[in-house]
Amino acid sequence: MPLLDVNNISISFGGLAAVSGFSFHVEEGEIVSIIGPNGAGKTTVFNMLTGVYKPDAGSIKFDGVECNGLAPQEIVKLGIARTFQNIRLYKDMRVIENVIVGMHINQKYGFFDMLLRTKKFRTCEYESAKRAQQILEMVGLSQHTHDYAKNLPYGEQRKLEIARAIATSAKLLILDEPAAGMNTGESESLMHFIRTLKDKGFTILLIEHDMNVVMNISDRIYVLNYGKKIAEGLPEEIVSDPQVITAYLGVTKEGKDAAGD
Amino acid sequence: MKKIISIIICLALCLTFAAACAGEKPPADDNKGNTPADNNPPADNNPPEDNKDDTNTPPDDGSSKGVVKIGVFVPLTGDRAYQGERTKAAAELAVQDWKDTHGLCGGYEVELAIYDDKNSPEEAASIAEILVSDEDVMGAMGSQSSSTTMSATPVFQEYGLVCLSNTSSHTDYTKTGNYIFRNNCINAQEAEASIEMVQKIIGPKTVGIFYSMNDWGVNVYNYMTEVIPKTGMTIGAAEPVADNTDDFGTTIANFRAAGCEVIFVAATPDISSPFINQYRALDSEVQFSGFINSYDEQLITLTGKNCEGMLVPATWFNWSELDQRQYDFTKEYYDYYGEEPTSLAVQAYDCVGMMLDAIDHVGKDRAAIRDYIESIEYDGVQCVLTFNETRDASKTFAWAKVENGKFVQVDRSQYE
Amino acid sequence: MKEKTMNLSNAFKSFLAFCDRWKAVIIPLLIAVAAILPQLGFSTYIIRLMCNILIYTSVGMALNLLVGYTGLVSLGNVAFFCIGAYTSAILTANCGWNFFATLPIVALTASLGGVMVGLPTLRLSGPFLSITALGFAEVIRLIAMNFMSLTNGPLGIRSIPRPNLFGLELNLFNKGFYYALLVLVLLITLFIYLLTNSKYGRALRAIKNDEIAAGLMGIRTGSYKVMAFVICSALSGIVGAFYASMIQYIEPNSFTQDNSILTLSVVVVGGMGTLRGPYLGAIILVLLPELLRGAEGLRFVIYGLALVLMMRFRPQGILGWKSPLPYKLPSPPRDAGKR
Amino acid sequence: MLLQYIANGIAIGMAYAIVALGYSIVFGILRLLNFSHAAVYAFSANMILVFMGWHFGIWGAVAVSIVATGLLAVCVNQFALKPLRKKNSDKVANLITTVGASYIIQNLMVMYLGSERKTFPFFYDFGVSIDIGFYTITSAQISMFVIAGLLLVFLTLIIRKTKVGLAMRGIEQNPLAANLMGINVEWIIAIAFFMGGASAAVGGALIGGYYQLAYPSMGVMVGNKAFASAVLGGLGVLHGAAIGGLIVGVLECLIIGYLGASYRDGIAFVLLIITLIIKPAGLFGKKNITKV
């Protein structure tokens, strides 16, 4: 039973079919990537998964639970956490606070526990702070614990977003172009970091343009173009798939003759 | 550079705050919470900045036993400023006249403690605190609108300082306590006078009531709805008006639809003038009847010939041929201030006159001043002033009419 | 010249850091000073000023929760102030209730107002929200003006009694009213401190920083914003009740737009999103008109000028700043180990 | 009766519309609630009286007042708002600065011109007024309607057709990009403020003339109503502000007619709250969808 099972979801904005009939699945502990040229509808798929848009048709099952049409808050509770294409951190809050806010849904204490500072409140706060420090340790940001999120360099801000997603104790991490705007050194260390996440048992769904990262890290790849799936399979198969090349690089003269159309 | 200025700003403010506090002298004795009537609050700690009244002359060669002050709290900023200015001018004139005629007052140098209450209740209450805690202040004269006056009177009553109002007509004003007096007519008297004028001069017609949405307007309206039906006149329509309204098109349409021939204008000139102008533009025969506050030069300047023939009950007459004293006062006020006095200003003049008279007789004792004023027979410029048991001054009404841009006195006997 | 300004502003910053570090000592000291201040034999004029400062501190504290922590700029806070004042005035003056008995009902009616503003503005942001709140305050003032049977309309409500606690009347004379207000301010400060240092406070701050991200991280932004409105309106209502009891005569025109703007300025000048901001903001903005009492006409001009200069040179407010001190990690509860 | 109410409503509506234009222009560009606009409007009407005092003649006084008010609006922008923009400080700070500016302008006027109401000449009476049965639509109402219409068309033309207008719309979308494309952003913003001030001055002259009154605090109530109509019509959309102003004006007159004048002030805001609930960006406003 795949952890995430999506079959032929589609959505259109004012008559334009952004995504039509796209199905894919993600197994537990796997790294799956979705690639495609700009405007292929990748982020739209993401937004449908996380409840920002409601798909016109199709179903999304996570861990057997149908979450098409649920509010974003419920979907996060189920265990899907995401990062954003353009970084959306809580800039004026501290690094550790950003992570603790991620744990908001799992902090179980009521208004009066807060008012009277009951033991339940204090233990929950202490646990959250301890776990946040562990996550920061794991992510390698522990020396920035007390800094403000907006003072972090770009690479660290990406990691903090991922740390915040982990903090929601999600089973599936959805990363939206984490390597965007990174130089080779940074994307190298990011790749290494994602691999360590995989070893720690996280299932990752990735949208990425940086072919180097995608090819080295993904177990399976889906290719999307104009909202339709044009290829799926192992990285090696995708690299040599003619349809993918034409989608990305456009038709070369030889290519057209070879295809003979 | 920027940080510097902000630091300087807040340092300066903190310093001035410290200076303000340091200005207080700790009291000699502890004040017991007994009945306010007979103890005046301890420390002579007038607030740090002195009020800038102009008669601050030092006591001359030892003949005066010190200073006595009359507190005046009126709006000098905001949109009621010009009404406040007039009360202040009348008060200053009263003190000036007293000095010219008597020099000292009961052996004391006379001063005015004038404060601006911004027409806000909080301010008026704070100023009342200043006045009661200043030992030299022997009486206070109160503000322009009833909300400011009525938030100050509890303080005066609590501390036992006489407060005379030249403007308040709120029914519950004098109910605050025995230290609160009113030198202004109550709306019942005003409404009665206006109705009587219309009934006698114009006769039974359908009338409209145009009243401003404040305590004075609402009281006048309530009173008139009871009395008018008994006088044979019928009320065609009654229209309230909110503050700072400029457009009366719709209200006028309602009055005209109800066929009103006479409109009672229960609003101050700054609200009633646009109403009269716009009404006259649509209907030339309609007649207006005003109240005491319409007896104001500003009404004529703002409406010009539109208010021709408007009836106004007046407790005061500028340049009156019948009463030489009123004529002299108008002249004196005009020379001093460049504008003819309104009845409110004259009442302010008499209020200060009464307080000075009281001090002259009983000296510097707030309770004695209160008793003296309660049973006073003061020959004021307006009329001989006495207070009834509810501490309201009874007024006699003269009839006035606007004729080619001037208030002209109407001879009552003609219509008797 | 440049270095001189730098080290002076650093001096100011280190001064603030020093206060932050020694908070545990400085705060009780300040409370003690506030407690003995009225006993130094000031005239009731100064006592009334201090009460005004405390009133605007507490209502500034309530609005700070909305503006400083949640980022919802409400220009209609006087609506809750007015609801609270009228509810308490009607109950005490007309129905003869004890002042403190009216407070729960005041909080209830005011928070009803809060919900009425909070719910419809969930989808609004920035200036639209401010204008809706301003409109709501105008509507409340008009209801007070026209609802003759309940609020006595423009005649206002007269001789509202001072609060009395087991028979002792708390007024400015025996300074009891000042202490009641002092207790109120400290209670509100404690409540907001507890609230902001918990998941609720963090959620509100997250909404201020980036509402969409907060939503996608599982925070129900809608209900938290309404919660912020309800708490702010309930507290403002209670402070309104104290105001009515202090001024003893209220009418619709004492709750105008200027009051909302003054409260917002207290929060912004003092320092948004800080606990101590409203204290200094209230001190400055209540004392400024008193110090300028001499310059009648100029008074408001200087008040306006102070606002403009403040926004230009220190927009985050005098006490608003990013504390360089490390984040206070919660200490383990004593018996955590036993589990 | 209804016809008379609507006629009056249109006249007041036009007054709100003109002042609302000023709010819309400034908001369109800076997404900023310019509180000082009401005081600028009052400033224009009072300055006309002052200029007439210097025996300028009515039309000369109006022209000079339009320029003076435009410059005043630019001063508010230069001294109060520009420094804040440079430090891209918080939205609330801009709001409070404009409030401070409105306090300064209004109270300086009260200090120098006194707070009482002064008569204002009725200068655009062309004598022709239409009588329909018992009710008359005075020439003032007609000329107010016509002049306001012309002003609206003129401003829309500037925004739609001219280079400056294009630059303004560019800055509205993305000030940074506009700057990079060589648009002198500060200069364009100053022009926008000038246009806002000038339209307020036209409004001041018209409304002052119509009611034959001018006093320093005349801006407060008209300002609030005009702002509500600008938001109602959709901030940043010029014809939205005009139509919003008309709706508010007509409804107000109907309310006075049938319910009584004391409810008058509330209607603008009740209407506003209801509209914003249904369409958060106002009637004609475009809802800017924030990309995730």
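As written, the chain order gives the labels A, B, C and D, with residue 1 at the start of each chain.
Rule of thumb we're sticking to: a contact is a pair of C-beta atoms (placed from the backbone, for glycine too) under 8 Å apart; a residue touches a chain by one contact, two chains touch by 3 or more.
Note that this is a predicted model, so its numbers are computed, not measured.
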- Touching both subunit B and subunit D we find C
- Most central chain by CA mean? C
- Item | Furthest chain, CA centroid comparison against subunit B | A
- So how far apart, in whole Å, are subunit C and subunit D when each is placed at the average of its C-alpha atoms? 32
- Query: Where the CA atoms of subunit A average out and where those of subunit D average out, how many Å apart are those spots?
  - Reply: 48
- Task: Report the inter-chain centroid distance for subunit A and subunit B in whole angstrom, where each centroid is the mean of the CA atoms.
- Result: 74
- How big is the gap, in whole Å, between where the Cα atoms of subunit B centre and where those of subunit C centre? 36
- Note on the structure: Each of the following residues of subunit D touches two or more other chains, namely 107, 110, 262, 265, 292
- Query: Where in subunit A do residues touch two or more other chains at once?
  - Reply: 52, 84
- Query: At which residue positions does subunit C touch at least two other chains?
  - Reply: 145, 212, 216, 297, 299-300, 306, 310, 312
- Item | Residues of subunit A touching subunit C in the complex | 50, 52, 72-73, 76-77, 81-82, 84, 88-94, 96-97, 100-102, 104-105, 107, 109, 111, 114-115, 117, 119, 121-123, 125-126, 129, 133, 145-146, 148, 164, 168
- Item | Residue ranges of subunit C in contact with subunit D within the complex | 67, 73, 120-121, 123-124, 126-128, 130-132, 134-136, 138-139, 142-143, 145-146, 212, 216, 257, 261, 264-265, 268, 272, 297-301, 303-308, 310-312, 315-316
- Task: Flag every residue of subunit D that touches subunit C in the complex, lowest number first.
- Result: 27, 31-33, 79-80, 83-84, 87, 89-97, 99-104, 106-108, 110-111, 224, 227-228, 231, 235, 262-263, 265-266, 268-270, 272-273, 276-277, 280-281, 290, 292
- Given the complex with subunit A, which residues does subunit C contribute to the contact? 191, 194-195, 198-200, 202-203, 205-206, 208-210, 212-220, 273, 322, 326-327, 329-333, 335-336, 339
- Note on the structure: Per the touch rule, the subunit B residues reaching subunit C in their complex are 1-7, 9-10, 13, 16-17, 20-21, 24, 26-27, 31, 33, 41-43, 45, 47-52, 76-77, 115-116, 118, 120-123, 125-126, 129-130, 132-133, 145-147, 150-151, 154-155, 158, 170, 172, 175-176, 213-215, 217-219, 242-243
